[in-house]
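Each structure below appears as structure tokens.
Okay, so chain A shows up in both of these, paired with chain B first and chain C after.
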Partner chain A sequence: MNGFWRDSGVALAALVLLLGAPLAFSSPAFEDFIIRLSALALFATSLNLLVGGSGMISFGHGLFYGFGAYAFALLMQRTTLSLASAVLLTLFLAALVALLVGAVCIRLKTIYFAFVTLAIQMLFYSVIISWVSLTGGDQGLQGGIPRRVIAGIDINQQGHLYQFCAVLLVAGLFAMRHITASPFGMTLRMIRDNEARAAFLGIPLWRPKLAIFVLAGVFAALGGILASLFVSGAYPEFADWPFSGQAIFAVMLGGIDSFLGPLAGSAILLALNDIFTRLTEYHGLVQGVVILLFALGLRRGVLDFLRVLPGRGEVASR
Partner chain B sequence: MDLGALVACFASPACVVTQASSGLIVGLLLFLVAAGLTLIFGVLKIVNFAHGTFYMLGAYIAYSVLQATNSYGLAVLAAAAAMAVFGVAFERFLIARVYGGNVLMQLLICYAVVLIFDDLVKLIWGADFHAMGMPEAFQRAPIFIAGGVVPPFYAGLIVLSLCLAALLGLGLGFTRMGKIITAAAQNPQMVAALGINTTALFALVFGLGGGLAGLAGALAAPVRSLSPGMGFSILIESFIITVIGGMGSIAGALLTAIGYGLLRGFGTIGFPLFTDELIYAAMILVLLLRPSGLFGREIV
Partner chain C sequence: MNLEVRHLTKRFGGVAAIDDVTLDFPSGSLSAVIGPNGAGKSTFFNLISGALLPDGGQILVDGEEITGRSQAAIVRRGLGRAFQVAQFFPTLTVRENLMAAVAAHRGQWGDLARRFPPPGARTRADEIAAMLGLTESVDRVAATLSHGDQKLLDIALALALEPKILLLDEPTAGMGPEERARMIDRVQHVWAEQKLTLVFIEHDMEIVFRIAERVAVLCYGRLLAAGTPAAIRADPAVIAAYLGTEAPKP
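Take a look at the complex of A and B:
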């Protein structure tokens, strides 16, 4: 229970810091960065529930991010649901989709799992591109998110959107932290480390795997909702493969064995991307070189790297 | 959905020949890419996520060589040779460093290579679409079979790819090197213990796979438009083919690729909107019923 109170303390402190920051200094660029970070970090951390926490390397996790963004934007545009109910309904629908996709995928091992999730994501992507009347095709979903003021929060105003994203980021991370620290999370790590032994202990492997796949899909959709609020719509790029690749890189960059690794990786990646896009139009080239240097040089994420600095000894996985 | 048109097409030999020939070139080009993918997976247990990049580079190199020398044969050879060398270099300098490590690292390295070369292609050849145009040697009257039109290039491509498939199958089954590769797919440690240089062998397999993909790119260039993203869609398609055919099975890749091509060829008449979905559904079905693929028993 100690861990729970410590995590709660950290989460509370982070929330106070984030919400207090605009009072101390008003910087639209900073708020903008945090809003984008909240979407990517939720997505990357949810991906790490699968990759680091369960050993399931999904290369098509962007499906749920894209689904969240499109479903939420469409619900807001086409129905009169309130913001909160649109968010909840989107998450529920994402859970259903994840249940369906997971039921197909979780039996598959490593590479097969990676590529079949990718193929299903690309199927979703091709549906977005070809179903123009619903999704706007390759132009993306235009028309903005209708403003609905609830309890004084108007998400079309950047300051309010910032607070909304900050709260959801911290809440989402806290919930995922709780999942990884729970006996359920431990079960998943046991399956990751030794499936056969877990099976001998009487764990029906598919149940926890499917459960975490659904949970990860839901949190990815939450990230997608924030992204959709930020861009006032949804773009097919959300569900395209380079985005899933970026998230994997963010996870690896920060460290798959540290809970906050994907958050750190997302922040570094976003900052790098901002710099590259300003410097050159060939940011894929620069990013690729950085990834190679990272993959061949550092070989583990930044936070994982810091945790095993000389003198501190090898730290057990989480 | 227009099943009537499909039935009408099957009733006329001319239509069958035309659609089958265009379907066959789709399938056989995919086979050349998928064969390399499945070979590399069979021996090295690595899915070369950058395999589409080899195909793309092959197409662009052939494009430039054809413009410089005006010889399509030379262009194809240059593309295949360049990509074979590129494959060896890719394996030696990048992939070899993460053997036995995390699958994620392999994926990440391939992802980086895809990003880098997509942008390099943009830098060198520009971001717009390029069309190679039909090489002069094939600018002649189409062949008529039972009233159906088969462009000479299609016929040449079909014959060449089938020969390559046969060569690959015979080479793997009956030559010394082929048997070593087959053995390495089963048990690389044992092969190494028998005094065979598996390091060189792995590089060779990567070179062979890369060369095949480069060749496919060069062969596809006259009938496809060239663009920086062209490698990725072919990667997904050839991956689907290796999954359905069974990872590591050359024969499976060939049969599946031909079936896939024919489905595409006739699908454009009968159900143009659902072809993609149908293929994805087929893959999911195969994975559910027979995860090792239709021909997954044999390795290589």
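Take a look at the complex of A and C:
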């Protein structure tokens, strides 16, 4: 259980730092960055539960991010549920959707899995675009998130939103870390490494695969909820494929074999975005070039690159 | 445990890879399956272990039919196997490979309530490694092991399931004479110590006739002969079809 206490310590320290930062220096730009980072990092890390952790390459993970954003914003707008209830109900609904989608996709082999997940995401996207009365169509869900102050937390105030996001980011990452470090997480690595062998060790492959698909969907939806709070609504772009691509970039950039790789990748990606959007209108191009340089130069994500341990060599994985 | 197959048949397209094979492997016996390339030996193991579904016939463990059950269910019934091309988890260390297999065997593969490894798994993993002479390699990443050690790891993974029946598909494939001797030594040792019903596929006749108690000969999917090594060596059909000119010296 050593690892558990070490991770708890790291999580606690990170939380203290994040919550203490506004006391030390007041920077709306920094808070803004952390809020956006929390949404993207939860999304990218949840994607890596599938890609790096289980060898299941999903191209359609953005479905759950978009679903989380829309379901949460709609619940807040159209019901009188408290913030916490709306969050929990959204996560529960996301789990149901993931269960359905997973039941369809889980048995498919690599490339078919990738494209069927993508197809289902595109289907969801077109529903958002065409169901204008519910979702606002391509204009996005307008009208804001109604304020509902509980226990002194007013989510429409940037300082409070920052704290809310910081707590959920750390809690979400801690929970995902625990999943990957558990015997269940090791089972997923066995499946990633060698499905046939795992099957002959008595593991009924579809059960762990479906379970991680649902869990990853729930954490992606959590990211979507934070994004919805940040933009006070929801936009169809959340559920569109280029956004799933962003998460894949973040994973590749940060490191597929390091637990914090997707977090690091998300931070790099957002920072690059912010810098180049200010400097040039060709920021998309610059971003692409930077990613190419990383991919061709390091041949792996930043954290994986920094963490090539002696003895584990090229196949290092943790 | 006793393993028995009756009228087992498997066709790929029109070709019968296993054709009406009936065989009995008594509890605690050490048997070899031999036959030329493409005879259907690996297919035979794939059928027994549930990797392939037979087109006909039955597979029984201690008289209980297991035909058509899932691989996981067959593993739980006490059957373990190693592969012609060693199968293991290449990015994990030898110890992690074995601890993961131990956890799987204990039904902890879905455990979310604790960290890996679960209590006791490490001790058990090191025991299994020692049994196969892998102790010095426990901390090495499996992908970096020598070919021989990878074959041993594959067998070690099967042993983590504490099987009663063990199928080894060419345990000495691709090995030099020295590694081969070490492997056979280990296999015999494990068989005696664990009181297993052990069936192995082997091309090296010298090894087969030295250690096997019973030998089954497959040829184009058909069972050509089965019996003691002495009986097989003397069988005219076997000599004609398989042992041919290079029949081993008596």
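Everything below uses one rule, namely that the second predicted complex is superposed on the first by the 310 of 318 C-alpha atoms of A that agree within 3 Å, B and C clash if a C-alpha of one lies under 4 Å from a C-alpha of the other, contacts with A are read in each partner's own complex, and residues count from 1 in each chain.
Going forward, contacts are C-beta pairs under 8 Å (C-beta built on N, C-alpha and C of every residue); 3 or more make two chains touch, one makes a residue touch a chain.
Source: prediction; values computed, not measured.
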Partner chain in contact with A:A295 - chain B first, chain C second, else both or neither: first
Touching partner for A:Y112 - first (chain B), second (chain C), both, neither: first
First (chain B), second (chain C), both or neither touched by A:A24: neither
Contacts of A:F4 with chain B and chain C, given as first, second, both or neither: second
Partner chain in contact with A:S130 - chain B first, chain C second, else both or neither: first
Chain A partner contacts - residues on chain B that touch it in the complex: 41, 47, 94, 97-98, 103-105, 107-109, 111-116, 118-120, 122-123, 232, 236, 239-240, 243, 247, 273, 276-277, 280, 283-284, 287-288, 291
Chain B partner contacts - residues on chain A that touch it in the complex: 51, 57, 59, 104, 107-108, 110-112, 114-116, 118-120, 122-123, 126, 130, 241-242, 245, 248-249, 252, 256, 282-285, 287-289, 291-292, 295-296, 299
Residues of chain A defined as touching chain C within the complex: 1-4, 178-179, 181-187, 189-190, 193-194, 196-204, 207-208, 211, 311-313, 315-317
Chain C to chain A touching residues, read off their complex: 49, 51, 70-72, 75-76, 80-81, 83, 87-92, 96, 99-101, 103-105, 108-118, 139-141, 143-144, 154, 157-158, 160-161
